[in-house]
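Naming follows writing order (A, B, C and D), and every chain is counted from residue 1.
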C-alpha cells in the first residue's frame, strides 16, 4: 500500500469479532468451540482483546493508538528512543484499559515481526521479502496475532533431535514443492484462540543435527491440522463485584498441536538454518521482554494504588509499618518504570530498528519477577484478613442485616462497609485468587524465566571495562 | 466426671453432623442456611471438620487422638513439654488428614480454655468455677468450638469506648440478674457455622472507660440473636482433579453479629474486669500461635514435597538453580518445625499448665509469615508455566486428541502427561488459586499480624542480659 | 567577572595545598595539627582532595572538569537534564580517580549553593544578593567547600529549643550590628579540615520557638572560635599492597565546634526565618542525594568488576552459583546507574535550576543503601577465605619460601599467586576492613538515613493518580 | 591412664605458653618468629587461646570446663543429647570469654578426633588403635590442636591427581618402613601457630587415581619441614578503647607448607584409602559445623545487645523502625540458638557417638551465614554515623575541649559522650572494621561455604516422605 493513496483503516471491534468466526479448531474442556466470540469463557478473552480495536475510537487515546502513517502504532517500526517510548506508552495504556491485563494481540506479534525484520539481512532472500510481505499483510489488515514459541520439550536435558519422542519440538517432517509439513506441539500459547494469525518460532538454539527443528512460520489460525486446546484456568464464572478485574478480563492460553500442518513457502521464515534459530529465539524474547516490562506497569501501579487505598479506608495510613510497606511498594513500581523508560532512552539501532537496552530490559524483568510475591504480601498485609473472609454483595443488600453489615464494616473517614469491601475485593482479585496467581506465574515464567533473565544479564553486561577498573584498583596495571 | 467410673466417649462423625442441625442462624450469599451439613459450600467445611471425629477410628492415629484419660487429646491440659509435643503432633496429623488445611474445631477452643484456665486465679470466683465447668462440658461432650475474637474495630486509632459507633467492639449493653446482654460484631470467625459452642474473647487491652467492652463468654451457636454471615470466599464449585485440595476441604469464616444476645451468668467469664482483658487476649493468642505453627507444618511439607516432585517430573532435579530453591524450601520448612518443637521443649509452667516458649513461638510464626510468599514463588518457579496454562482433565480423556496431550506433556522418567498435570494442579491449588491466597492471607494475618508478632518478639526477649553483655564487651562495667 | 574579559582560572593542586596552610584549629587524637597538608593521616585526605585540581590537567577529563564558561563544572548551575548528566558524569569520573572514594570538596558545597539559590526568591533581600555574591566568590576562587549540617541533636525526641542542653543545635546567641555570634556543634562534617569555606545549614524543620536555631552561613575554615576535631577512623597507616584503595585515599570527618563564633552579616544566609529552615535542609539534601547516587557508581562498578575478576582468577566463572551472584551484582549496579541517569533525564525546573527527579533519586539512594551489605556478601562469597587469611607481600618476596607461596596460591589460567592475592587484597579493602565499613555506614546514614529516604519516597510519590486507578479498578467511580 | 588411679590434670595457662616455645617454624611478614608467645601480633592470639586454660580456674565455669572424668570437657565423647548440649554450652561460654571470638584450640581438634573415631570401624586396624592412642595423648596432655584441611586446590575444576601442579593437594610422596613423607600446602589453618598438634585431613572425596592424596595424620607443630606463614590480617596495633574486642583478641591463620615432611606410622590415620577420604572430610565438617553454630551464639547475642544498647543511648528505643530492626535481630539470634540446641536434642548415635542432627546443623549454619551482613546493616542503622566519625579517646580527655566533646555527644537518659562513644566503638569493632570483616568472611566460608551447606541440606533432607505426601495430595496414590 502506498501511503497517501489509500489511507490505512483500523478495524472496528465488530470486524475483529467477525474475523474470528472461521473454521478454527478450538476445544474447551474437551468440547469443540464453534464460535469463540460466543463462548462463555473464551468470549471473555475475545472481548478483552477487542479493547485494542475500541481504543482507536477513544479520542484521548487515538494519537497513541494510531501511528502518524495511519495504521495501528504497534506495527510502527521503532527507529528512535521516542518511538520506543510511545510503543511502551501504548502497551501501558492498553493494559490499563484491560484492568492490568495485557491485551497482547498486536504486542506479541509485532515483537515477532521486529525480530524477523532485524534478522532479515542474515536470512537473506527469499526470506527477507516474505517477512516484509507478511508484515504488510498484518499491518494493512490490522490483524490480531499470536506467537507459539515454547515447545513441550520432553526431556529438558536433551536437544530436540535426541528426544525419545521426536515431536517434542515442532519440526519439519516433509519438504514439498509448495511448502513444508510440520508436526509437534507448543504450550503456553497466549491469545491464539482469538488471533487471526499464529506465528511459530523456535524456542532455543539448535545444532546441525537439529536442522529440522529450526523452523519459523506464520499461519492463519484456521489452518487445517492445527488444534488449540484452551486451558480451563481462570475459567470459572465470577461476579463482577467480587472479582472486579477477572470477571470481565482474561487471556486464554492453549496447548497448540500441529498435526502434520502444511505451510506454504511464502509463510515460511526459517527452515533448516539452525545457526540462526537461537538468534531468532533470543531476538524475539528481547523485544518481547520490553513489551512485558511495559505491560507490567499498570499492575504495579494498581498494587501501589490499592495499598494506598486500603490504608486509607482502614485508617492506617499513618501507621509506621504501613508507611514502610507503602514506600517499598512505590520503590518497586517506580524502579520498574524508570528501568523501562531508561531502556528505551538507551536504545541502539540494529539494522535500522531501535532496540531497547537489553541489559536494562532484563534487569527490569528480573526485578519485577523477583518482587511481585513480596508486593502481594505487602498489599495483603496492609489490606487485612477481610481479603478472604469478606461477606458477599448479597449480604450487603440483605433486607434484614445488610445495613448492619455495612455499618459494622465501615472504615475510616466515613467510608461505608460496601465501599471498603470493594477495595478488599479488588485486592483479593489482584493477589489472592486465580488472577493474582496467573500474574504471579507469568512474572516468574512468561517472556523467559527468572533464570533465563539472569543469564541474559550476565551475558549482556560489558564485563571487560568493569574488570579493567578492578585491575587498576588492585594495582594490576 | 470421675475417670474410671463412666468412661469418656468420643463422638462419631455422624453424631457431630447431627449436632449441627439446630436452629442456628446462618446465611450464605444472603440466603438462610437451614442445614449447614447439606449446604453445597458449607457442607464441605462440615465434612472437613468431621475429620476430627473420623480420626479416632483410625487405629494408626488413635493413640494420638485419644488422651490416656479417654477424652479427645485436645482437651488434655498440657503439663509438660511432652504433652505439648503430643498436642502439636495431633494438630499436625489432623492437618495432614485435612490436606494441609487445619481442622480447628477443637484446637482453637481448647486454646481459649487454656487461656481462661491460666487466668482463673486472677479472675477468682465465680469465674474460676464457671471456666472449670464449661471446660468439662466441652470435654465430656466432645464438642466442636469456635472462637470469635477480632472485633470490627471501626476507627483503629481510637479505643472501644471512644468509637463513633459504640458497637465497633462487642460490649455489654445490659446487666441482668440472670445474665448479660451483648451487642456488636466480630469478623474472621472461623468454623463458627459448624461448631457447637462459640467463645467470645476481647481482642485487645482495655482501659477503665472500656469496662463494658471487657467481656468474655461462650454460647451455643444457636443462641437467639446470633447471626453468622458466611464468607463466599473459596465457595465456587471445584473439580477434584484441578483442585485436589480445595475441592473437598475448606473452612468457613463468618461475620458474627451479636444482636442483643443474652448470656446467662454461668457462661460469662469476664465482665467489666478491664484490667484483665489484655491478658486474656494475649494469653489466648499465645496458645493459639503454638497451634498455628503446628498446623502450618503440613503446608510447608507439602510445598517442599510438591517442589521435589515437580522437579522430578520436569526432569530438572539436577539443575543448579532448582537445587538452590529446593534447599531454601527445605530450610524454610525445617526451621519452622525445629522452632515449633523446640518451643515445646522449652516450655514453662504457668499455674500448672505447660506454656510453650512464647518467644520461639512468635519467631516461628513470623518466619513462616514472612517466607510463605517466597516459598510460593520458589515452587512456582520450579513447576513452570503449566500451572496456569494446563489443559483440562476432559482434554486428557478426549477420544481424538487425549492421547496426544498425554504424550506431548509427558515428563522425565516416563511420567505420563496426566500424572505431570496432577502435580501441576496440586501446585496450582496450593499456590496460584484461592486456596493458596487463603493460606497466604492467613499467614500474614491469622493468629495475630506480622507486626503483632514483631512486637511480641521484642517484648518477650530478655533484653537486659544481652545489653549487659554488650556493655561488658564495650568496657562499660 | 565578565566572561570573555578576564578568563576564569582553575587553581593548581599546589595552590590548593597552600590555601590550606592557615590558622585553622584542627586536632587529631588530641594533638593540634599545624599544617594539615603535612599530617601523616590528614595529609592523605588532603592529597585525595587535590585530585579535583589535578583532574583539570588531564586532557581526557578536561572537557568534563571545566565548564564551557571556564570555571569548574561543579559551579555550573544546571539548567537542563544534560547539565545534570554532565555533573553526574563529573562526580562519577572524579570518584573513579579517587578509587571509589568521592572527592567531595566541590560537590557538597555546590549542592548547598544550589539549595540556597533556589530558595533565594523566598529568602528575599539582602539574602539573595549575599548568596549570589558568595557563590561568585567560591566559583571565581575555585574554592574547596565543606558543609556542616548534622547537629549533635541531644535528645532526639525534643525540638532544638526544648533541649536540656540549649547548644545541642547550633544557634544564634547574639545579634550584633556587624553580624551574629553562634554556638553549638555539628558532627560528621566531611572534608572540613581540607576545605577553604565551611557552610553551616540547619538540619531539620523548625517551629517559631526554634527561631534562634534557624541559621545558615558560611565562613572560612580558619575563623576564630571554630574547632575541628578529626575522627581517627581509618587513620592507621596501611600498606598499598594490602590496602590498594585506602592506603592513599581517605576523607576526614570532624566534630565541628562553634565556640561563640562571629559571622559577619554578608556571610549569613538564614537567621531566624524558621519557616524556611526545613525547606533549606530538605532542598540541600535533595541536591546532595543526587550527588550521592552519582558518586556511588564507581563503588558498585568496582564491586562488580572485583567479583568478575575474583571468579576469573579462582577459576569459578562458570559455576552456577557464582554466575547467580554475579548477575545479582550486575543488576544492583546497573539499576543504580539507570535510576541515577533517569532521574537526571526526568528533571524539572525550579527557579531556573534543573532539579533531578527527587522520587527517583531517593529510590536510587534507598536501593543502594539496602543492597550494599548484600553486595559485600556476594563479593566475599565469590572471592573466598583468602580475604582474611592472605599471606603478606613480604611473604611473597621471601627468598626461602616466597616462590612456594606464589606457586601454591596460583589461580586459574596461569595467574600467579601474587596477582591473585592483589585481587584478594582489593576485595578485602573494599569489603572487610575499615574502608568497606566506612562505605557501608555511609550507605546507611550519609545524605539522609534509610528511613529518611523512605519518608521522602512516600511523600514525593503522586499518590492520588494511583489511588484513582485503584478506585476505578474496584468499580468505585 | 586409669581413672581413679592418677587423676587427670588440666594444664595451666603458663604451662600452655611454655609448651609453645619450641622449634616451630613460624613466619610473620617474612620474619621468623622465635617465640610466638612474645610476638606483638601472634602473642595476642596466644593469650586469647590461653583463655581455655584460664577458664578452668573460674569456679563459675569449672563444672562446664572439666568433664566428670577430670579432663577437659572438649575431649568427652558425646553419647547423648545432653553431652552435646554441654559441649555446645562450653563452646559458647569460652567464646563469650573470648569476646565473641572462638577459642578453638580444643574445639576443632576434638571435632577431628570425633570424626576419626566414628570412622575407626571402617578404617580398621592398625588405624583404630592409633586413633585411640592419639586421642588419649591429646586428652591426657590437655593439648591444643589445630586442623589443616583446605588444600590450596589449584584449578578447582580438576581432581587432585589431574592438577598441573601435583602438589596442589597435600599428598604422600614416599612410603617408608617407619612412616610416610608428605608434600603440599594447606590454607586457612587456624590456631596452628599456637597449637601443640596439627591434624591434617583430606578436603574432599577422592577417586582411585587420587589415592596418594587420601591422607590424614597428626604431627607436633615443630615437626621438621613444616612451615607456618601467618596472615597479617588484623595484625595492626589497636587501642583497646577504639577496638574493645580486637585489640586483645585474635586468631591467627596460616598458609601451612609441608616441605617433604616425615610422619611416623603411628601418627598416620589414612593413607591411600581413597574411598574413605570423602567420608572423613564430611564427618569432620559435620562435627565442626555444630561447633561453629555453637560459637556463633555470642556474636549474635552481642549484635542484639549492642543494638539494644545503641538504641538506648541514642534515645531511639521507641522509634518504630528501630523496633522493627531490633525484632529482626532478636529473631535472627534466637532462631540460630533454637536450631543449635534442637540439633543437639535431635542427635542420633553413630558408633556410640551422639551426632547432632546434621540437617538442622546445616540449616543453622546457612541461616547464620546468609543473615550476618543484614545484621550488620541493622546494627549500623540503629547506631548511626558516629561509627565512622567518632572522635578519639584522646579528644575526650583533652584539657581544652574534652569536656565539650563529652557534653556535645551525650546521649539519652544522661549518658555521657564518653559512654556513648564506647558503644559506638564496640559496634564499629563488631561491624565496620577488620574484625567485623573477619567474622563476615568466616560466616560465608568457614566450616564449609554457603553453597556447601545448601548441598548438605538437600542431601540430608528425607525427600521421599515429602514427595509421598505431595503425591497423596495430588491424588497420585
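Heads up, the rule we're going with is that contacts are C-beta pairs under 8 Å (C-beta built on N, C-alpha and C of every residue); 3 or more make two chains touch, one makes a residue touch a chain.
Being a predicted model, the structure only gives us computed values, none of them experimental.
Note on connectivity: the fewest chain-to-chain touch steps from chain A to chain D number 1. Between C-D and B-C, more contacting C-beta pairs join the chains of C-D. With respect to chain D, maximal separation of chain centres occurs for A (centres as means of Cα atoms).
One inter-chain figure worth recording: chain A and chain C are separated by 43 Å, centre to centre, where each centre is the mean of the chain's CA atoms.
Here the CA centre of chain C is 38 Å from the CA centre of chain D.
Separation between the centroids of chain B and chain C, computed from CA atoms only, is 52 Å. Touching of two or more other chains is recorded for residues 321, 324 of chain B. Those residues of chain C that touch chain D in the shared complex are 27-31, 150, 152, 154-157, 165, 167-168, 185, 187-188, 227, 229-234, 236, 242, 253-255, 257, 259, 314-316, 321, 370, 372-374, 376-377, 380-381, 384-392, 394-395, 397-398, 401, 404-405, 407-410, 412, 428, 431-434, 436-438, 440-442, 444-446, 449-451. Only residues 320-321, 324 of chain D touch chain A when the two sit together in their complex. Across the complex, chain C meets chain A through its residues 96, 99-100, 240-241, 244-245, 298, 301-302, 304-306, 308-309, 312, 323-324, 326-328, 330-331, 334-335, 338-339, 341-343, 345, 359-360, 363, 366-367, 419, 422-423, 425-426, 454-455, 457-458, 461, 463, 465-471, 473-476.
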